[in-house]
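Shared between the two complexes below is subunit A, which has subunit B as its partner in the first and subunit C in the second.
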Partner chain A sequence: MIFSRLLSGDLPRSRVLAVVLVAILAGLLLTPFAFPGAKALNVAAKICVFIVLVASFDLLLGYTGIVSFAHTMFFGIGAYGVAIALNRMGPSWSAVALGVVVALLLSLVLSLLIGLFSLRVKAMFYAMITLAVATAFQTFASQLSEFTGGEDGLTFKAPELLSPGFSLSEHPFLGVSLDGRLIAFYLLVAVTLVLFLLMLRIVNSPFGRVLQAIRENAFRAEALGYQTVVYRTCSNVLSAVFATLAGALLALWLRYNGPDTSLSFEIMIDILLMVVIGGMGTLYGSVVGATLFIIVQNYLQDLMKLASEGMSRVPLLRDLLHPDRWLLWLGILFVLSVYRFPTGIVGKLRTKARGNT
Partner chain B sequence: MTASTTTLAQDALPAVKLDRIPLLLLPVLALAALPLIGSFSTWVTLTFAGLAMGMIIFIIASGLTLVFGLMDVLNFGHGVFITLGAFLAVSVLGRMTGWTESPSLLRNLLAVLPAMAAAMVVAGGVGFAFERLIIRPVYGQPLKQIMITMGGMIVGVELIKVIWGAQAIPLPLPTAFRGSLLFGEAAVEKYRLISVVVGLSVFAVMFWVLSRTKLGLLIRAGVQDREMVESLGYRIGRLFIGVFVAGSALAGLGGVMWGMYQQTITPEMGGQINVLLFIVIIIGGMGSVGGCFIGSLLVGLVANYAGFLAPKVALFSNILLMVIVLMWRPEGLYPVGKR
Partner chain C sequence: MTFALETQQLTIRFGGHVAVDAVSCAFAPGTLTAIVGPNGAGKTTYFNLISGQLKATTGRVFLHGEDISGCSAPQRSRRGIGRAFQLTNLFPNLTVLENIRLAVQSRAGVGLNLWSVWSHHRELIGRAEEVLETVALTAKRDLAAAALPHGDQRKLEVAILMALEPDVFMFDEPTAGMSVDEVPVILDLIRALKARRDKTILLVEHKMDVVRELADRIIVLHNGALVADGEPAEVIASPIVQEAYLGIEVAK
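What follows is the complex of A and B.
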């Protein structure tokens, strides 16, 4: 019962999905011990950040039915907020807090403005306008190089507790040294979990139901007395706030931030792919999508390298399997999933489970 | 009220009044920039640069706006056709270096024209496949359309990288296109003149087709009211695929022009220009070719004037322009009836 309450009554509703989710959580928790090495830890940390980011995007796309291309803008605001504060004020928790608060306020105001001005129009226009705003913001950030470090970005030190130099104890535990990186990682996992459960709570509240109603039929929702513009704007603001937090987490983990890590349009496309492949309209989809995508992004290339070398005699196939072309295959998967299984992996699993019982 | 309209309809169809105010924007803007810039010769150079840029943008964006007008399909993957055109131009021109490097204008043209033709044919063909495979299954579902065309673009760009590689490729101008002509003190780059000529011819042909032929009549009618055209027995689907192919071909042509304008091409160039295209078609009024033409020229002029007067502002000049135009006319310069 406690479990069900924790998940806000939104259980996985599929045995396979439940197993997958538990496996992901366990995998994340055990990464430092099971997969030693900096790369695995970085991949796991990135998965955590993107779970929050993709879930926040799903709040908008999957639950409210709004396509926004400005999501990385808010992600970037969070990351830059922390980066600029820590860079200017030195490594302290008050700097982190200040950075996060200022970034949140900025995101709040921006998303409110964009929402109020442009959520009245059709989906198509909103997509275009957000694309334009996001591009402008990216240019803006790289122009303010005094603050943002321009194209080079900013490096900074994290608060002492989280820095690699900090050591909890002299003796390694199960072969893993208990340093600041480990603390940072578990802090990241914990915050991710809290934020995710919070979002789950939001989408399963009466408010979340109204959002879904708007997605299904905005006209009818309006006729039932819900002001769709207000709800859409709320959804926009909430999603921006969570994206900002995800950005702050990313910056804290990387101790670096630049346009390519948090603001670029490539990341926007990545998020879109993760949401759709994982499954729109269910937050578990973002967990599955983000995990799958990032693992593929980091490890598929090795596999493709092998395949490409194996095919070195066949010219076209070799180029198609070139490790740099991993996005091609995910793009095809994306197009196919929009047609064939618009509810994504999670939706597919749930339908299957319903069919069995 | 009803009586008067019926008598009017009996006499003749009332002529559609041409809205001239947006047309005036261009000269007004150009003249307003003159005192700010100060020097007349610089102003001529900048104006020409702006017009050339605007013409190329118009070639690219005209297909996008018509496709949207006809079927409410906004193709986020339009950029792929631009990139495709530019890369084809590199391939074709690369084989004809003897002619592109000869100083004779005729030979240069004989090299560039096949490149343009190849770009248009291939981009049109790919456009046909794109419409069939990517867009057709999701008619009337805007959310899916946005995502699917985006996905189509990702796959398209990756395929271009498979064929031509991921790095930037230089696309040098043919010899006779380089350099500039002097009008008094004002220097005008030759290529910009060529762009203006090509752009004007495309506009003229398109204007003729749209306003003087039956096909154009059907397209315009379809943009106004799709169902009515269908109910009169015309297959709007076929019309649409024709327009889509033509739009893709024009994007291919625009890609060649834009590639030569920039002189370097990258697989990402199409995606980067997408934002500009959206701004142009929003300014013009979604679905309006005339609006798209004026919007393109405005964007081109403003970008060049702002780039000279205040380089920092120039990066945002397009968005500012869009905001100003939308505050004046929220539906764009030439709103298309039904929306």
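What follows is the complex of A and C.
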């Protein structure tokens, strides 16, 4: 079946999950028409970028069992690659290509070095090393302000085809103007879909199966003849490469990049939360986790504002529901979800589906 | 004749303790050698030195006459030394079939293939299913390894080694903790393996009746040193074995 081939034989294995995934895809595709306004489009674009980013992190954490805190570094390299190239060379596709290629090469070399030098050590030390490298890189990026724009970041123009000024047709289609933003959005969705299916392919290859074996029991994997350091390093490099591509997509969409949008440690925490909420080691979990998290992140405050206004006479509740407290509620939601669904949403849905049959 | 496997003065020290003490021993191809000795005699450590999980302090290991002392565990495995562990050592959250398939896949050398889909490698799955059949676990193929009862986990442990198809098979108490009616499955497998006469088998086993029936030769380890080596009947009858280690077994 063509569908199964596209998904590399790794079907959702739960009817509810299949429906959710189709709904997410349909929702993303229809966003420009169904949810008017710049905010909805921005949220949908961010979901796409984070699906790629979180899935690439799952490759490392969920499939190979490696805890790394350097993932935003590779995300940042991709974003800065595109930003610096477009900022210096002006808006052209060759600048995009150059930025992406240079960023990919840098990520490749860095992840290879980190992998070869430090994947032999214990998991805990590896996490610490990546944390140190990522922090150093962040400082480095903001210090090199001549290239990176420092704390202010870089603003730049996207290639003509993707800029808001470009127009496919004078007449709006179904009430939506066919401009460069729309093209950029659909390009983003298409690239996200391709990258996700590519990662799904990788985790379902014989190589992907070895990664899972290493996560489960590295000692036995070695006894079976698998050189774990080679596999771990490959996983590290692949994960970095996909994160870099996600970063490039983000920069191209925002036409801006700075330390807070792609390098900050907060994003690292967000990625961790998304992969855990969605379900580690499932890849579909990254789709569900990223979508849910970003929607909550963007709309919980609006919802709380409404609730807080409704409760304006109740002193304590009013304060608790104040939009500034949204992180508190997100925290509570996170604790509850980890407590209730230790295997993530996808893990839970699959267990349920297995129980029913 | 080149020996399938040979150790020369193989020694490992942990601090002041000598766990394996200058063991020199050669194993002819197609033979089954049983390694006996009391607990703590260094049998498992000797195995670890051969299969590469531990690095020897001094001494060498040869496989088909080639010095493999510098090789890592994965390299030795790929060169043909296969190992089943005394303490069950599986991939707990992967299915029974997948545990075996990973061994078949290693043997086929497609581990670094990123592009093909694992389930399209029908021949690998077919081979894994064959092995599964030999240990009577076909009905449980889709269960997670961790969900199996102890006896089945032991069978799976042995099945993984079978699927690896090495030249040298090392079994470390393969029937330990199995119920009486499960033991014959494992022993039949080892018997069939021995009957092929093309594989070299090393077996650590405490059950003396099993050793007597299966072994072409017995070596005895005591405090890390090789203290007896010879025909099963001869070794079992030797005073050192009778008195020091097998007294209880013989009396039973």
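We take it that the second predicted complex is superposed on the first by the 329 of 357 C-alpha atoms of A that agree within 3 Å, B and C clash if a C-alpha of one lies under 4 Å from a C-alpha of the other, contacts with A are read in each partner's own complex, and residues count from 1 in each chain.
The criterion applied here is as follows: a contact is a pair of C-beta atoms (placed from the backbone, for glycine too) under 8 Å apart; a residue touches a chain by one contact, two chains touch by 3 or more.
Owing to the predicted nature of the structure, the values given are computational and were not obtained by experimental measurement.
Trainee: Which of the two partners, first being subunit B and second being subunit C, lies in contact with A:115: first, second, both, or neither?
Mentor: A:115 contacts neither subunit B nor subunit C.
Trainee: With both complexes overlaid on chain A, does A:136 touch subunit B (first), subunit C (second), both or neither?
Mentor: In the superposition, A:136 contacts subunit B only.
Trainee: For A:320, decide between first (touching subunit B), second (touching subunit C), both and neither.
Mentor: A:320 sits against subunit B, while subunit C stays out of touch.
Trainee: With touch defined as at the start, can you tell me which subunit C residues reach subunit A in the complex?
Mentor: 51, 53, 72-75, 77-78, 83, 85, 89-94, 98, 101-103, 105-107, 110-121, 160, 164
Trainee: Taking the touch rule as given, give the residues of subunit A at its contact with subunit C in the complex, in rising order.
Mentor: 8-9, 201-202, 204-210, 212-213, 216-217, 219-228, 230-231, 234
Trainee: Sort out for me which residues of subunit A touch subunit B in the complex.
Mentor: Residues of subunit A touching subunit B: 65, 67, 122-125, 127-128, 131-133, 135-136, 139-140, 143, 265, 269, 272-273, 276, 316, 319-320, 322, 324-325, 327-328, 331-332, 334-335, 338-339, 342.
Trainee: Which residues, counting only subunit B, touch subunit A once they are in their complex?
Mentor: Answer in residue numbers: 72, 74, 76, 134, 137-138, 142-148, 150-152, 154-155, 158-159, 161-163, 166, 271, 274-275, 278-279, 282, 312, 315-316, 318-319, 322.
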